[in-house]
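Following are the structures in question.
Presented sequentially are two complexes of subunit A, the first with subunit B as partner and the second with subunit C.
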Partner chain A sequence: MDEQALLESYLVVGALLFGIGLVGFCSRRNMIVMFLAAEMMLQGVSLSLVAWGRYHNNWGGQMLVIFILTVAACEAAIALAVVLSLFHKNGSLDIALWQNLREDNQPAHADRDADELRALPETQWPTLAPAGIEPDHDLDEVLHRTHI
Partner chain B sequence: MNELVSVLGLASALFALAMWLLLPRGAAPGRSAGAVLMAVSLGLFASRFPGLGNWANTGVFYILAAVTVGAAVATVTFRKPVYSAIWFALSLLGTAGLLLFQGAQFLGVATIVVYAGAILVTFLFVLMLAQPEGQAYYDQISWGPKLAALTGALMVGVLTLAVAGVFLNPDAENHPQAPFTEAELKKEILADQHMAHLGAQLFSKQLVAVEVAGTLLLAALVGTVAIVSGMRKAEGGGPLDG
Partner chain C sequence: MSSIVSTLLIAIPALPLAATIVTALFGRRLGERSHLPIVVALVTAFLASFLLVAEVAKEAGESEMKVGWEQTVDVWNWLNVDDAIATPPAAHAAADAPALPARLPFTIGVTLRADPLTAIMLAMVTFVASLVAIYASGYMHGDRGYWRFFTYIGLFVFSMTMLVSVSNFVLLYVFWEAVGLCSYLLIGFWYEKPEAAAAGKKAFLVNRIGDFGFALGLFLMWTTYGTLNFHDAGGVAGILGQTRLAQPDLFVGGGVATAICLLLMLGACGKSAQFPLHVWLPDAMEGPTPVSALIHAATMVTAGVYMVTRCTPLFQVSPDAQAVVAIIGATTAALGGIIAMTQTDLKRVLAYSTISQLGYMFLGLGVATLTSITAGMFHLFTHAFFKALLFLGAGSVMHAMGGVIDMRRFGGLHRLMPTTHWTFLFGCLALAGVVPFAGFWSKDAILAAVHEKAAEHTLFAVLYWVGLGTAFLTAIYTFRAFFLTFYGPERVPHEAGHHAHESPRPMTLPLVVLAVCALGVGAYFEWTQGFAEMLRYTPSLAYEVIAPHEHAHDHGSHLLVAVTSTVIALAGIGIAAYLYLGDASQVAALTRLLSPLYWLSYGKLFFDQIYMALFIWPLWALALASYWVDRYVIDGLVNLVGKLPVWVGASLRSLQAGMVQFYALAMIWGVVVLAVTLLVWPAIAASWK
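On to the complex of A and B.
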């Protein structure tokens, strides 16, 4: 195999993965999708490192990727704990609800897309025709996760 | 060189436009046009780079790369986060294939086991737990999609130009060394007993780093439990309070 062409091709794939992950991290508002995009950036870097390791006939690249895997596992655990606790605070995965953590001199983000939002088609969910007697409601069940 | 700059610049511009069209922008149209433009842009990127010697290698590489990058684009552009996670799994499988193709057997398998098997499934669990019914409004719109697409395209353009420039221009001061031959690679990085070599490296040269990584995992575990139990206490008691 042409080693130089191999390295070149892998670096390009790595760059594309990194760039796509960057776009996703900057633009998506769902916290979980943001983390998926961050993991994708790590994947791009891993591909490049392994390619360089093979080109230089050296194990260093693969070693680094093993540690990237370790750090990614730690990051995912902590990120999920944080996302879950943020979700429990206000029942939404929207990152814009936490914008009061921004710096003092930054302007607040208002949803300028409000028109776009209003233009969204209403999702139609299937319903069942009511029949029979309405059962007693369990109060605990009614109050559970009312914020969702 | 000029031709290279113009082709890669065109590919990056198309990448930005396609990304902008593909990102969630409410009810705005243009997703299929975005998909076509993205395919053209990726094709332009691919056209600037040489094949891998014979058609079998080249074909396998291009299929794996197309799956990886295509699934990555779908991950960041799909509206439903569950679909995003599943596309990300496909992208990870493509990455694992690319790693195996390069002879990094352990990493290829570890990517599937650790990323697709553990991390991604946990993400899916959290999505199922936390996703409200139906489609949330914040999955339908993005923060400044124009700026984000432009940033990503600039990043990709600069990186690919740097890679292509170094390799295509032998006069550059930092041109790469002559590649190793197949026989030399077989002695070291492509050796028959891959795991034995990898383990020997990991537990001799990198022993301290392995210990540090173990400590990091422990710290992350403790931190996660602390965050989650703090959350339960704020809610008024739970099974983790002991």
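On to the complex of A and C.
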């Protein structure tokens, strides 16, 4: 197999990964699925970088991919934490419920089922009992904190 | 050069100015004594002016008559712009100076001048002003704005004395405006009265028209002569300076001269209430009566006469402009006389009579022989006394009648107010021109001068008859007012209350002094010939400048004119006595007989209405149109520019929906557009080559 054909195969697979991720990101409303779709786009790009790196016999592409993987790992941690805290707010993973950053006076976009979900009563999630007894707080420290 | 002249010259305006400042600063504290600083300053200024006249007469008598006598004193240099204008051909170096550079500076020095014309004007102004100030201390007693009144009076006298003593056209203009401002302030003195406020505004606006012409005249003089000084200064021959006067061919003639003179005359028409700008003066009677006497009869309104007299050498090179001056003067004299015939407001009768008498003065100036110009100035001088007297008398009547000035509402006051009655009679005799009162000599001198010139040109013959006719009218309307006010059955309006008695001494004293002047001043100067003799030493009127028109003084014709005008005056008085001392049915019958004339005269020849239709309404319509254009077209455009971002923002706002996927799509489309452009653009660019 010559290098040209190999590059093309890799690029096709990368483009497919990217395209699937793109479509998935735009069409799905589940935040975790959207996150996965975004990761898929990332991997598509990474694959292309690796392929080009090999084609040019240059380690730069693969270097970049290592960085991307590192950043993606951090980003995954943060993104999942954000998703989790959003889920804690209203018990749904539907992205259509989060339009708070829209322009003032703009009506919320009414997506399918979004209004029903929004109308659901606030769910009380079980919490763990506090472990042990709350320690006495240093008064100065408390005051200082409130000042901050 | 005597330093006493310089000292007096500076002291005369400085005294009223100082008193004004004192009154303005401490007026509230001075209260009822606010008149003291002003009266003291004015009387002192009058004494100084009197000294100045004596000094000037002495010095002038010793000088060479050819170019007259003048002395200037530089106070300070107000402004100086180097290389302001390319030296015009008519500019000329002063007699003892080197040739002029290629460009001349624009230099305005505050320079006061003493010459006979200035000295006489100063003496007249300060004398009348002193008496009026004394009178006003009684007349304005108890007025809320007592100190304000005297502050304005002081400011006015300062401006007026500066006006007649500055030696530069720009400063003349400045003080010309300053007296206009004082006039405005004093007409609108009782500003709570809507008529007074409107009259002040009208006076100011009508004067603007004249002042606009005056300003244009100044510009034209500046570009023509390269200087605006009267006297020779900075090596440049002044417009009315000794160098130019000594060589009359240095004056520019032709169209430029006519234009300058007509523009100056327009300014004079505004200030001196001449046709067609006379409409403001009758309304100015809304001001306090001492103001009418001082500003609108004796002093400020004569500023135009003074200015034209001062500019006599300029007018001498333009006979057309002189004819215009004479025609305007005669026209104004006649129409003032006609309107005054039927007015019922005593002060308005006097106002129209002032307009008419100012017309006589301009007639004298327009005839433009030395005798006629000195006669015009002589009339200005005597008129100041008897017209101030008449106004102050009218004020005394008004004071006693509780502010009523309508002659239909009072009558037969000669027993109630003996002093006012006698002094008013003196004023009336002087105004009607009866021997030996002041007005006779001066009016007769003008008519005689016109008559002398009548042989030369038909125009002046017509003007002479107009003048005589006006003298007849003058006698009738003067004594009509006199008889209506002081004779007939005694009637007192209810507003008078317990005031219906003779005015207090501060008011009657000036009346008596002025009555003596109205009786004696004309005869005295006619007897001694001192006035004309002295005036001839004014540089502007010096012999060489005015075409020597001294063909043997024709005493026969002069006597004829004098007899004619006396007969006419007596006839007028007789008719007035017949009509207004008898029963009212005669007047009613006459009114019916001459009803169109009566209607015209009573309607003041409808000048106000004509101006309303010709100027005010069109301007008003224009203003309204401008308002609509501004409101809806210009403001509309500005508002459109303001609203455009709002509309664009409103239409783009829906893009900011807060949905993550929407933003992602926007990014995708952006990338697609970029990619397509990147791929397609080179192809398009290649196809263009």
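The rule is simple: the second predicted complex is superposed on the first by the 106 of 148 C-alpha atoms of A that agree within 3 Å, B and C clash if a C-alpha of one lies under 4 Å from a C-alpha of the other, contacts with A are read in each partner's own complex, and residues count from 1 in each chain.
Criterion: contacts are C-beta pairs under 8 Å (C-beta built on N, C-alpha and C of every residue); 3 or more make two chains touch, one makes a residue touch a chain.
The model shown is predicted, which means the values in this text are computed figures rather than measured ones.
Overlay on subunit A: subunit B and subunit C fit together in the combined arrangement.
By the touch criterion defined above, A:Ile133 lies against neither subunit B nor subunit C after alignment on the C-alpha atoms of chain A. Look at A:Leu22: by the touch rule set out above, it reaches both subunit B and subunit C. Touch criterion met: A:Arg102 reaches subunit C, while subunit B stays clear of it. Of the two partner chains placed by superposition, only subunit B is touched by A:Val65; subunit C is not. Which of subunit B and subunit C touches more residues of subunit A is settled by the count: it is B. By the touch criterion defined above, A:Ala110 lies against neither subunit B nor subunit C after alignment on the C-alpha atoms of chain A. Of all C-alpha pairs spanning subunit B and subunit C in the superposed arrangement, the closest lie 7 Å apart. In the superposition on chain A, the residues of subunit A contacting both subunit B and subunit C are 22, 26, 95-96, 109.
For subunit A in complex with subunit C, the residues that touch the partner chain are 22, 25-26, 34, 95-96, 98-103, 105-106, 108-109. The part of subunit A that touches subunit B in the complex is made up of residues 1-13, 15-24, 26-30, 32-33, 35-37, 39-40, 43, 46-47, 50-51, 53-59, 62-63, 65-67, 69-78, 80-85, 87-88, 91-96, 109, 111, 113, 115-117, 119-121, 123, 125, 148.
Touching subunit A in their complex are the following residues of subunit B: 15, 19, 23-28, 42, 45-46, 49-53, 57, 61, 65, 68-69, 72-73, 75-76, 81, 84-85, 88, 91-92, 95, 98-99, 102-104, 106-107, 110-111, 114-115, 118-119, 122-123, 126-127, 129-145, 147-149, 151-153, 155-156, 159-160, 163-164, 167, 176, 179-180, 182, 184-185, 188-190, 197-198, 201-202, 205-206, 209, 213, 216-217, 219-221, 223-224, 227-228, 230-231, 235. Within the complex, the subunit C residues that touch subunit A are 653-654, 656-662, 664-665, 668.
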